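Chain nomenclature is as follows: A, B and C, assigned in order of appearance, with residue numbering initiated at 1 for each chain independently.
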Amino acid sequence: MKAESKVGILFVATVLAIIAFAIAVGVVNPFSNRSELHVMYNYAGGLDKGSPVRVMGIKVGRVKEITFAPNYRHNPTGEEVKLKVTIEVDKAAMDTIREDSQFFINMAGVIGEKYLEITPGSLERKPLPPNSYVRGEDPPRIDQLISQGYGLAGKLIELVNKNENSVNQIFKQIDTLLKNINKTLAHLDKMSEPNDIQRIIKNTAQVTEDLKFITQQIRSEKSQESFKLIHKLLFRLEDVDGKAIKKFFQEEGIKARIFN
Amino acid sequence: MMWQPFFTFFSFAKDCIADIFRPPFRTNLLFKEMELITYQSLPIVTLCLSFAATVTILESSFHMKMVIGDDALVPGFAAVLILREIGAIVTALLIVARAGAAMTAEIALKLITEQIDALKMIGIRPYQFLVAPKIVASSLGVAMLSMLVSIVALVVCGVASHIYLDLSPGLFLAAFHRFANFNDLFVSGFKGFIFGFTIPLICCFFGFQCRGGAEHVGKMTTRGVVMSSIVIIILDFLLSALISHLF
Amino acid sequence: MSTRFYNDDNPSKILLMLANLGSAVIFLLKILAHLGNLKLHQEDIFHQIWKITLHSLGIIALSGFFVGSIMAIQFSLQLKEFAALSLLGGLATSGTIRELGPLLIAFMLSGRVGAYTTSELGTMKVTDQIDAIRCLGADPIKEIIFPRFIGIICASFFLLIFGVFTSIFGGMTAAALLLQLSPQEYLREIPRFLNLYSILLSLFKVFVFSFCLAWISTYIGYHTEGGALGVGKNVVKTAALSLSVIVFADWVTSLVSESIQLLFS
């Protein structure tokens, strides 16, 4: 083989290797089965050209480019959204992305490479057509949160500072109240001898027991019958002269007393 | 007086580079040189770079385990190191040892056996005949070789990480994606080009300096190899600093 | 080379290689046979060590400095991802000591010392000086080869330490100039990354590399034939072969060290 052909073979091999490398890295994609989407953000913290795009956590494409769109207003709401992120998504995954899919920017792993996460949409809504514009969810701005946190902490401190007097007073009053309760309890303790109290409690217990017995007896059947009889008797006696009965009972009453 | 050798060298370099663009263009010589540099060195460079790649993976995993405790990202780091640094330097040093020393020896011998004077008598410019084809062949050849062998070394990296680190090829590609760019390959090619450009200049310069007999030939060959190696390392440092600043 | 193949033998390439390998091993054994009387050759060996060290000091310093800086720059790119830039000193130094240090010393030595030894010995052989020594009744291996062999191995240890220091210095400079990392920050993390094992490993590697280098360069130099052309050819052969053998040995030692390390930890 001549020298030229050898060099030629080597050159062709190099070019092929470079192409293979380009495909492996992902720069060129001859198997173009991807469609594009434009996601609009107002803050895309850390997302770069070439960052991965995942649906339900699985990589389906990458961010193609990020451009500024200062004059764009999002369709349904008319909101001014200034950042346009164009992504490429595999066609196989496009069907899962529906009109109510949400587009988040998440951090992957400890090191924190940002990627674009797409939630699957519900079956009721239509799938998104390629090249459509959607509004993504702005990721939380840690720096804003921190500054708000600072603000809140500052306000709390101010509040406490201003009302320091009244807060102090409240505490003092609670203190006094507690002291008083303590004293009262101590007094009670000293005042009542334990024996008296015990006796009173015993008697009360007995009385209530007797009462209970009596009411039980009253409630029993015999008493109920007696009551009913008396009621009938009185009813029959109603025709009789009232005054005579009264007199009778008064005499009876005297007799009862005499008998006793 | 100390700078004298530098002046000689620069005037030599100037003449050689000027001769590149002077007709007649001896393309058959160019191809012959290129074949010598690339085709004949291919097996040895591939072999060495594969070993170097494996060692890089092993060492990177050791260090990663010490620093972070997880070696899933080792292929990424190793790939970038290989593409940017090791590919270019190891290829260049091997070419220096193989082809560069051969160039020096060839020219030294031709000088001693008065073949250079014979060429001058015929009316052929010795630099154009001998050195210029080597320069062009070497720059293009080393660049090409550097890129090709870097890619082969990356494949070997994949295999090595599968064997030693138990990383599947998929994980290797994922880590690789995160860290390596397509541009890194061109960094390797560009460095190869620069190295390939300087190797013949230095080696042939020392070849033409030869005065005495066999002993001097050996001495000059040694000096050529050593000087080329040092210049390559210095150039690599400058280029790395430059490239890491630009990108 | 030293094995004579007659014209009608027509040895295949593999046979040639094997024959050379065999004669190289015999050569090595002859050299090592003199290990017994080291004291006898003290002066010669010291002279060789001195000469080789002086010869290569400059080049090791220069290349060590620059390789140190290159390592620092490369590792800084990776560490920036993890925002762990303060670890740069430790990482770069550890990488240099374990990996690049021995490799770099070996590469530089293969150029400076290896090619030089081959050309020196080759010239001696071609100008019949070696045969003259044999005529005088002395053993050329004992007088010439052995001191150089031991000298190369010993000198490479000193040069390794020197090279490591220069590369630390180079890394520090690069970090200070390009990465705005102060020297103290660079040096602070170094003890964290160094363990006895790394140092032993690098010493072992240097030993293996310089052993191979010494063996190859003395063998090829000693068996030069064919005048000035032969000398030139053999210098080329040494340079190329020693580089590839060193890279191969690097791989083998890395593997071996991995398994040993697993045993220890």
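Just so it is clear, a contact is a pair of C-beta atoms (placed from the backbone, for glycine too) under 8 Å apart; a residue touches a chain by one contact, two chains touch by 3 or more.
The structure presented is a predicted model; accordingly, all values stated were derived computationally and were not measured.
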Between chain B and chain C, the fewest steps along chains that touch one another: 1
Chain whose average C-alpha position is farthest from chain B's own: A
Chain pair with the greatest number of C-beta contact pairs: B-C
Chain nearest the overall Cα centroid: B
Computed distance of Cα centres, chain C from chain B, in Å: 20
Between chain A and chain C, centroid-to-centroid distance (C-alpha), Å: 70
Interface hub residues of chain C, defined as touching at least two other chains: 82
Per-residue multi-chain contacts in chain B, two or more chains: none
Contact footprint of chain A on chain B as seen in their complex: 28, 31-32, 34-35, 38-39, 42, 141, 144-145, 147-148, 151-152, 154, 173, 176-178, 180-182, 185
Residue ranges of chain A in contact with chain B within the complex: 3-4, 6-7, 10-11, 13-14, 17-18, 20-22, 24-27, 113
Residues on chain C engaged by chain B in the complex (per definition of touch): 59, 62-63, 66-67, 69-70, 73-74, 76-78, 82, 84, 87, 91, 94-95, 98-99, 107-108, 110-112, 115-116, 118-120, 122-123, 126-127, 174, 178, 193, 227-233, 235-236, 239-240, 242-244, 247-248, 250-251, 254-255, 258, 261
Chain B residues touching chain C - in the complex, by the definition given at the top: 44, 47-48, 51-52, 54-55, 58-59, 62-63, 66-68, 77, 80-81, 84-85, 90, 93-94, 96-98, 101-102, 104-106, 108-109, 112, 164, 213-215, 217-219, 221-222, 225-226, 229-230, 233-234, 236-237, 240-241, 244-245
